[in-house]
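The structure is given below, and queries will be raised subsequently.
Per-chain numbering from 1; labels A, B, C and D assigned in written order.
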Amino acid sequence: MSRIDFDIAHLLAGSLVLISFLELYQDRLYALLNVFAAHALVLAASVAWQAFIQDAPHLYVTAAITLTFKAIVIPVALHRIIVRLGIHREIEKVVGVGAAMLAGMGLVALSMVVMLRVTHGADPLAREDLAFALSVVLLGLLMMVTRRNAVSQVIGFMSLENGLVLAATGAKGMPLVVEISVAFSILIAFIVIGIFLFRIRERFDTVDVQVIDRFRGERR
Amino acid sequence: MTLTIALVCAAALLALAVVGVIMGRSPASTRVVYGASLIIAAVSFIAGLAHLLGATAPVSLTLPLGVPWLGAHFRLDALSAFFLIVVDLGAMSASLFALGYGEHETAPQRVLPFYAAFLAGMTLVVLADDAYTFLFSWEFMSLTSWALVVSHPRIAENVRAGYVYLVMASFGTLTLLFAFGLLAGPDGLYTFAQMRAAHPSAALGALALILALIGAGSKAGIVPLHVWLPLAHPAAPSHVSALMSGVMTKVAVYGFVRVAFELAGPPAWWWSIVVLAVAGATTVMGVLYALMQHDLKRLLAYHTVENIGIIFIGLGLSLAFNANGLPFAAALALTAALLHVFNHSLFKSLLFFGSGAVLTATGERDMEHLGGLIHRMPQTAFVVLVGCAAISALPPLNGFVSEWLTFQAILLSPQLPSWGLKLLVPGVGALLALSAALAAACFVKAYGVTFLGRPRTPAAERASETDRFSLAAMFFLAALCLVVGILPGVFIDALAPVSTALIGARMPPQIGAQWLSIVPIAASRSSYDGLLVFLFMLLTGTLAAFAIHRLASDRLRRAPAWDCGYPDLSPATQYTAMSFAQPIRRVFGTFVFRAREQVDMPPPGDMRPARLTVRITDPIWDLLYAPLVVGIGAVADRLNRLQFLTIRQFLSLVFCALVILLLVLAIWS
Amino acid sequence: MVLIRDLIIQGVQMMLVLLLAPLFTGFVRKVKARLLRRQGPPLIQPYLDLIRLTRKDVVLAESASWLFRVIPYLVFAATWVAVALVPTFRTGLLFSWSADLIAIIALLGSARFFLALAGLDVGTSFGGIGSSREVMIASLAEPAMIMIVFTLALIAGSTQLSNVAEFMASPQVGLRVSLGLALIGLVMVAIAENGRVPVDNPATHLELTMVHEAMVLEYSGRHLALIELSSSLKLLLYVSLLACLFAPWGIEAAGASVPTLALGAAAYVGKLTVGGFLLALFETSIAKMRVFRVPEFLGVALMLGLLATLLRFMSGSF
Amino acid sequence: MTFDALTGVLLIPAVAAALLAALPGYRVTARLNVAATTLTLICALSLFFSRPEPGVYLLVDDLNGTFIVLTTFVGFTTSVFSLSYIGHELETGRLTPPFVRFYHAMYQVLMFAMNLALIANNIGLMWVAIELATLTTVLMVGIYRTHEALEAAWKYFILGSVGIALALFGTILIYMAARPVIGEGLAAMEWTVLVTHAGAFDPALLDVAFVFLLLGYGTKVGLAPLHAWLPDAHAEGPTPISAVLSGLLLNVALYALLRFKMLLAVNAAALAPGPLMVTLGLLSLVFAAFMLYRRRDIKRLFAYSSIEHMGIIAFAFGMGGPIANFAGLLHMTMHSLTKSAIFFAVGHIAQVKGTQRIADMGGLTETHPALGWALILGVVAIAGLPPLGIFMSEFLMVTSTFARAPLLALVLVFGILVGVAALFLRLNSIAFGEPRGSSANAQASYAPMFAHLALVLAAAIYMPPALVAWFQNVAGLLG
């Protein structure tokens, strides 16, 4: 594969990690939504690029799904949910931005260490991609853990899943990628619908504001 | 052949259990189950006896059951034959007793199936010849007896007793599991035959022995693993209590003997130190606990602990002699222990039957509410007296013989080279003597308060003699106690094959000795003739009676008892169990049980009664078990918070797990 | 022939002890009285008491059971058999092998067991107090005794009283530490077992202080006579035990001719006299101790016995 | 195409699901449900005799043969059980007819998903199947639509999704590891191919992959600290689903883990998966054992005991070796049967007592002897006491472990003991003591319950040689 292909793929994957950091940085919901849209956009581009350089046409489908579903439908839907349910726009954090950033750095470093030492067999592109993908996954998980708002947690989960798609598309000639991305889109749809149905305003932890402090499990 | 019969009997008992389930509440079920188990046990008893006396070679048999590639191995050798006899004798008498006693059972469907299964379990334990079959039967035995303990589930303390019992039993089984895992080795040689052949290293054998001591000991009730015993044994119906106390503990002893003398390989001298130390402590603690009780059945249960201690003293001595190349002394000690196993199974069953008879007659287990039963139930009173005399090791009854033999074994132990034993054995001897004396004291208390004196409650006043089946069973056992006492030689000789099989030596044959006396080592050294002593006492006693009645007066006047100037004293003024034990409590209890007495004496003119409150603490429970319970509770409370985390917190658990594992990878390679 | 002779000798021994026992008790009383500057009862007083008692009716408490009436005979039989097996003037008695020293102790133990039951049978508090204290004392005295027996057995290499006595008579037994300890221990146990001062006072009738007498408080007539007789038998047993173990001089070995036997009997009587005198002297010169001092007293005996046994275990030279 | 058993195992549930979704009415559909599971079971059994060659997507070998038969069998008995259970729920009005229809359809979908996950020859396909199974169970857990139920479902859903994501990442990594050796395309995701070439894979990549798979599928297995969804999902869902979850779904996830473990076992350079599984297993065992003490809800109690036993099983497979693996397989089978039997009993108990609070039941052996003794028997079995099957597996496990790694065995036994103590503590207050709660006689179907217990009993006493050979063979495969 030519140098330029490699560099572009590298650039896209790297910028995906960068956007994950941006997501960690946000403290307004709307802004977060926009950043996530960008995240999905970049992913779509990266997938398309992979489709191009691996000349695997079915990946274009994945790219299309990502673009329409994640970059447009979901953000809009979430936007409306926020308005409808009157979720207030502040993002409650468990740890401050700074700490989250530092943790994120650590995670990226960790994924680099783990991956780059790992895959000396595989071609460099895949190696880089995997490393970036792993960091995106970890950052997404970090976001789910450190944010209290339902919406931002959903977004965290979705960016996690973006990392997966990145990895899947990076894995050259991997079958079932499309199916998997479809399956995941369904999953996310479930989550979003769930949020809407169960009227989860603030957090995952409970199903309805009124029952936040009610009997949970076996609490006495 | 004999083995086949025994196995068939066990199978029949299991079938009987099913029958018990099916018949359930029907009125005939009691008669059917107990009658059938009586017959089956008798058959199996004969098989065992034939094998032991026939002194035939061990027979073994493998069935395609249990662990598939292993099969279920069974073996009947001298040792298992002897214990089979003990089990079946107990089973026979218990079934006979229960033919009458069982009629009073309110919920027979909760007793009958488990009773038969329990007997089957015990039989299978002594026949098993591989680790799986052994532990399977062992735990099955525990489980069925547990079901019998909780056969009256509305009584909270029974349920608690069952709980403690089951937990301790599982603990014991798991310990034995370790022992066998050790002996079986990594490639799983589970059959006892393979273990015999294996000859484990000294350290490994020692570990196995200690594990077996803990595992089997917890079932037998050695201190400090005895806590379940005084709870569980009394809770069961009396004939089952008799089986648990008189027989099941012996099956546990069997387990220990099997491992210690056969499977653990050649003994090292210091093994016996562990055993002897534990045994000595068990003996005295058991009897001291018993002295503090006023619940008749619990008192008996604690005496089981004491007698188990005596048995383990014998076993420990035998191990010591065996390790130091003194096979004949070892044979003596082992025979003493085994004879005591037999004796204890006799009189402990008898005494529990007696307590059962009292229970049915009065509905009371608490001695403080009894008294004067000798007038109401003379026959029961008589046989129980025999039992008490036997367990107190009074000549010419059987208890004395085995303790006498144990003393003889102790007297041989200066020959032991190792200093540790030289120091330990005399102490153990002293403990044994002490416990013998205390046991006598304890049974004076038990019998005197229960049967003698004046009835303390209307219930005791209304008591009536128990039914004929129960009496038959008790008289049978009492007669056996006497027979073993006056003809011990016969039984000692019968035990010869066992010691020959385990140690390679036996006691000198006793049948030849003059006047049927027993001579453990040499006539010049020591001898005892129960028969002659018995005849002498009979002779002199009757002689005196005859002479006095003939030559002097035989007139008799009834008059009120000497009241020291306070007429018509109420029965409440009699000595109670607690007050009887008071001197001994002050001597021993103050530092063992931290016993404290508080006297609340009202000033003159104050009409309220004076009060004496006695506070007794159980050191072993307080020091060993209570902390454990508290600790587990605390940990459970701590961890329980994890049930109530939020989803985000659970997610962070996952996240942390992931990060940690990745870090491990990053660092590891 | 030999058998018959042995039988006769055994019989003689039994009769002898039976006849001597009350006399010995009387003798001790007499000496005590004299030491207290009293006239004291005649020597034969115990016989007269026994005869009087046997003549009297038995007054039996209403609440007494059949056991209460059997026990005196049991106690008497056990004690008598026990004492019949202790060598007095001759070792190697016909039946001596039928019960060794441990068995003799156990026989006394069973006698005590039944006596304590009798104390509980009538159902008054006096009997109870007596038996409870009796068993408390016994629970310490018996192990002490067993320990002493161990010591002797380890020295003589036998628990067979005849053999022990013969060994003691033989020159090969020198002065030994363990032997001394055993002697002291045995004396203490003997005092306790026979309810003598300072452990108990055989003469008292104040219920709260007495042990043995309280137990038998309800007995009367021939029953009481048997009890009295067996307690004096027991006293005699311990004295003759001490005699044959620690003063084995003049005791005749098996197969001795009749005149020498007479000599042995004389020696025996002599020993009894000395023993009785010493006992009386001891009793008059010491005060009775509180009941709860007794455990300490007997604890000492037990420790002595244990120490002696330990020494024997350590090496044969002690 | 010719109808063979394999397609049957998949097709029957799929078709049945469609039918049940379409058909109204409880009586018919419930019967149909049973009929479908029966047919599936028959197909599965026929796999013994005619075993098709592994294809690109589907595969049957000894390993998943065990699981398939177990799954279809328990699926069958559970459908029989739910026949009476759901009927009762309808009467009491906890479920309305549309939900019952939904329930039956979902039940078949679940069966389909699990069978697919088991016989998939393709790691991607298996992943999809397991995700499907998760989603269906999520929906069924929430079916009562009480706050607690919805919350449990939600919790299950979120944690499950994260687990799925991690598992997928692991799957991708496996593919990455396989591609250089096998080449691109489906072949690099086929079990049959993977196992043969696993020796040449990049070991380090396999390690990372296994970490993700362990956490991903371990979430489904319910290993601590990934267990959080399990107790609530068991407690709040309908009891048949609790039975299926404990008895089957956990096994399916475990099966996936075992497959990947086999890959690593083949590769010499990769890290031994054993230690990881042993650690997680012991952690789950001890943790769950302690959690049992403070349980107030009977279904949650047994849910935690499932965690405990999954820990034991994971431990056994982690130890490896013929005996331990055999013990693990046996333990897994016995646990499925016993635990589902227990849940059958618990379901009826909760129905007659009208509550799941342990405090409100008591003296069960007096009010409902059959149920009470069945429960006792079940607990005795689950506690690993004879004469029931788990005793044998624990015997083999402990003895074999103690000879190899005494300290691990100590921890294992400690956990088991603590668990047994806790279980019987609770059992006492349920089965014994003063009777509490209603004593109305239950209209219950005891057949499935006692059938399971009978099998468990039989296993401890006599195992047919064919079965043994089969298990031993599988144990050998697991290395």
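Following the convention adopted for this analysis, contacts are C-beta pairs under 8 Å (C-beta built on N, C-alpha and C of every residue); 3 or more make two chains touch, one makes a residue touch a chain.
Just so you know, these numbers come straight off a predicted model, no measurement behind them.
J.: Count the touching C-beta pairs: is A-B or A-D ahead?
T.: Greater number of contacting C-beta pairs: A-D.
J.: Just how far, in Å, is the C-alpha centre of chain B from the one of chain A?
T.: Here the centre of chain B sits 69 Å away from the centre of chain A.
J.: For chain A and chain D, what's the span in angstrom between their mean Cα positions?
T.: 31
J.: In whole angstrom, how far does the Cα centroid of chain A sit from the Cα centroid of chain C?
T.: So the centre of chain A lies 100 Å away from the centre of chain C.
J.: Can you check how far apart chain B and chain D are, centre to centre, with Cα atoms defining each centre and the answer in Å?
T.: 44
J.: Multi-chain contacts in chain A: which residues touch at least two other chains?
T.: Residue numbers touching two or more other chains: 114, 117, 141, 144, 204, 216-218.
J.: Which chain D residues sit where two or more other chains touch them?
T.: Each of 154, 158, 162, 204, 207-208, 231, 294 in chain D touches at least two other chains.
J.: Applying that definition of touch, give me each pair of chains that meets it.
T.: Chain-chain contacts present: A-B, A-D, B-C, B-D.
J.: Help me check something: in the complex, which residues belonging to chain D touch chain A?
T.: The touching residues are 122, 124-125, 127-128, 131, 135, 147-148, 150-151, 154, 157-158, 161-162, 164-165, 168-169, 172-173, 175-176, 179-180, 184-186, 188-189, 202, 204-205, 207-208, 231-232, 235, 294-297, 300.
J.: In their shared complex, at which residues does chain B touch chain C?
T.: Chain B residues touching chain C: 371-372, 374-375, 378, 381, 385, 389, 392-395, 400, 404, 407-408, 410-411, 413-414, 422-423, 425-427, 429-430, 433-434, 436-438, 440-441, 443-445, 447-449, 452-454, 514-515, 517, 523-529, 532-533, 536-542, 544-545, 548, 551-564, 569, 571, 573-575, 579-584, 586-587.
J.: Where on chain A is chain D touching in the complex?
T.: Residues 114-115, 117-122, 126, 130, 133-134, 137, 141, 144, 157, 160-161, 163-164, 167-168, 171-176, 179-180, 183, 187, 190-191, 194, 198, 204, 206-208, 211, 214-218 of chain A touch chain D in their complex.
J.: Quick one: which bits of chain B touch chain D in the complex? Just the residue numbers, please.
T.: 64-69, 110, 131-132, 135-137, 139-140, 143, 150, 153-154, 156, 159-160, 162-163, 166-167, 170-171, 174, 177-178, 180-182, 184-186, 188, 190, 632-633, 635-637, 639-640, 642-643, 645, 647, 650-651, 653-654, 656-658, 661-662, 665, 668-669
J.: Sort out for me which residues of chain A touch chain B in the complex.
T.: 94, 107, 110-111, 113-114, 117, 138, 141-142, 144-145, 148, 153, 203-205, 216-219
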